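Shared between the two complexes below is chain A, which has chain B as its partner in the first and chain C in the second.
Coming up: the complex of A and B.
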C-alpha cells in the first residue's frame, strides 16, 4: 500500500476542511495536544464532540417543541453547543449556533428554527468529513498523525 | 463528581461543564505536569474548598448549571482563599467584568498552550514567594 500517497491525501483533505471553513485554527490547537502519551487524542476529542453535540442537539430539539418561545432556555442549550464547537474549531457549526443565539436575542422563532436546521446540517456534514479524514489517517498509519496544514 | 490526574508541583482545579472543554483543558494541564482535579460546576468547586482542599490555581468557565464561575469565585474568596490564583475562561466579553468583580485574578477568552504556560509560571512565582 502506498502510505505516502495516503498521507498526502489526508493532508489535502484536512487543508480543504480549513479552506472551506469547516475547521479553524482551534483544531490546530487540539492537534498540538496530541503526543506519544495520547497518540489518538484528536480523534478521541472529535468522537466525544459528536457524541456530546448529538445529545445537546436532541435537547434543543425537544426544547423547541416542549417550550415554545422559551428563548432563554433555547439560548442556554445552544450556548453549550456553541462552546463545544468553538473548542474543537468547528467553525461553520459555531457560526450557525451564533445565528441561532442572535435569533433568540431578537425573539425570532422562525429565525431560530431556520438556524437550528442549519446547525443540524453542518453537524452531519462535518461528521461525515471528519470520519473520512480519520479513516484515511488510520489507513496511512502512525506516520500519518496530524500535522499542521499548509495554509 | 471530581477526579484527579497524575502530576507534580502545581495543583489545579478545573471547573467546566462542557465535556469536550474538560478533555482539552485537562490535556493542556497534563502537558505542564499539573496535578488536576476536575469538577463540572461552581457548586462542586465550592464544596471542595469547604472540604479543606487547597489548590494553587483554579480555572473556571462562566456559565454552568447549578452555580456559575463568578458565583463560585465569590464564595471561595469569602472563605478566605485569597492566595489561590483564579482564572476565568470565557469568550463572552461581559464575562470579564463579572469574573473580576467576583475576585478572579485573570480572565482570558480562550486558553492556548502559550497563554497557559505564562499563567502557570506566574502561579509558580506567586507560590514560591509566599512559601519563602
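Coming up: the complex of A and C.
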C-alpha cells in the first residue's frame, strides 16, 4: 500500500477543508493537542462534537415548533451550538449559527427557519467530510495527521 | 525556598458542553506550565450544582458536610468554569465559592465565548483570578502558572509548619493552622503565600 500517497491525499483533503472555509485555525489548535499519548484525540473530540451538536440541534428543532417566536429560548440554544462549533473550528457551521442568532435578534421567524436549515445542512456536510478525512488518515497510518495545511 | 512540586495538582473543570470538557481536560493535562514538574489531575462536571456537590458544599450551606482534615480527602487546587451554563451560571458558582469560608481561596478561572467587558469586570470583581476567552488555547494555560506556584508554595509552607509544630510542641510562635481566613476581599495577585495559614482545601470525595 502506498502510504505516502495516502498521506498526501489526507493532507490535500485537509487543505481543501480549510480553503473552502469548513474549518478554521481552531481545528489546528485541537490537532496540536494530539500526540503519542493521545493519538486519536482529534477524532475523539470531533465525535463528541457531532454527538453533542446532534442533541442541541434536536432541542432547537423542538423549540422552534413548541415555543413559537420564543427568540430568547431559540437564541440560548443556538448560543450553545455556536460555542461547540467554535471549539472545534467548524467555521461554516458557526457562521450559520451566527446568522440564526442575528435573525433572533431581529425577531425574524422566517430568517431563523432559513438559517436553521442551513445549520443542519452544514452539519451534515461537515460530518461527511470529516468522516472521509479520518478514514483516510486511518488508512494512511500513524504519520498521516502530522502536517499543518500550507495556507 | 525551593518549591517542591510533588503532589498532583487537582483541577475541577465545569462546563455543560461535552466537547469542551474534553478539550479543557486535555489542555490542562498537556500543558507543561513552562517546566513545572507535576501531574495534573482533572475532574470534569457538567454543571455548577454538580461542582458544588463535588466540593462538598450544598446551595444552602456555607460549610462542608464534614470537615475532618486528617482524613484522606481530595484536594481541589483550581476551579475552571464556563460562564454560560443552564441553571447555575459560572458567575453564580463563583459567588458561592467566594461566599464559602473554606472554599474561597481556591483560585477560580472563568471561561466565556463572549467578549463582554462588563461581564469580565463583574467576574474579576467577584474574585475570579483569570478570565479566558473561548475557545481556550494551549497558550492560555501559561496564565495559570502563578496560581499553581502560589498554591504549591502555600502547601509546602504548611507542610513545614506542620512538621515544625509536631517536633516542637511547646513552640507558641508557630500556631498550627486552623481555618483562619486571612485573605482580604480584594483579588490581588501579589498576595504572599507565606502570610496565609490556611489548610489546603480538602474535600471528602463523593462516590456516585
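Going forward, the second predicted complex is superposed on the first by the 150 of 151 C-alpha atoms of A that agree within 3 Å, B and C clash if a C-alpha of one lies under 4 Å from a C-alpha of the other, contacts with A are read in each partner's own complex, and residues count from 1 in each chain.
Everything below uses one rule, namely that a residue touches a chain if its C-beta (ideal position, glycine included) is under 8 Å from a C-beta of that chain, and two chains touch if they have at least 3 such contacts.
Worth saying up front: this structure is predicted, and the values here are computed from it rather than measured.
Peer 1: Taking chain A as the common reference, can chain B and chain C both be placed on it without clashing, or not? Answer clash or fit.
Peer 2: clash
Peer 1: Which partner chains sit in contact with A:79 here, chain B, chain C, both or neither? Use first/second/both/neither.
Peer 2: A:79 sits against chain B and chain C alike.
Peer 1: For A:95, using the defined touch cut-off, is the partner it touches chain B, chain C, both, or neither? Pick first, second, both or neither.
Peer 2: The answer is neither, since A:95 touches no partner chain.
Peer 1: Could you tell me if A:44 is touching chain B, chain C, both of them or neither one (first, second, both, neither)?
Peer 2: It touches chain B and chain C both.
Peer 1: Intersection of chain A residues contacting chain B with those contacting chain C?
Peer 2: In chain A, residues 26, 29-30, 32-33, 35, 38, 41, 44-45, 48-49, 52, 79-80, 83-84, 86-88 are touched by chain B and also by chain C.
Peer 1: Could you pull out which chain A residues touch chain B in their complex?
Peer 2: Answer in residue numbers: 26, 29-30, 32-33, 35, 37-38, 41, 44-45, 48-49, 52, 76, 79-80, 83-84, 86-88.
Peer 1: Under the stated contact criterion, what part of chain B meets chain A in this complex?
Peer 2: For this pair, the touching residues of chain B are 17-21, 23-24, 27-28, 30-31, 61, 63, 91, 110, 112-113.
Peer 1: Provide the residue numbers of chain C that touch chain A in the complex, in ascending order.
Peer 2: Touch list, chain C to chain A: 16-20, 22-23, 26-27, 30, 84, 113, 134-135, 137-138.
Peer 1: Which stretch or stretches of chain A touch chain C in the complex?
Peer 2: Interface residues on the chain A side: 26, 29-30, 32-33, 35, 38, 41, 44-45, 48-49, 51-52, 79-80, 82-84, 86-89.
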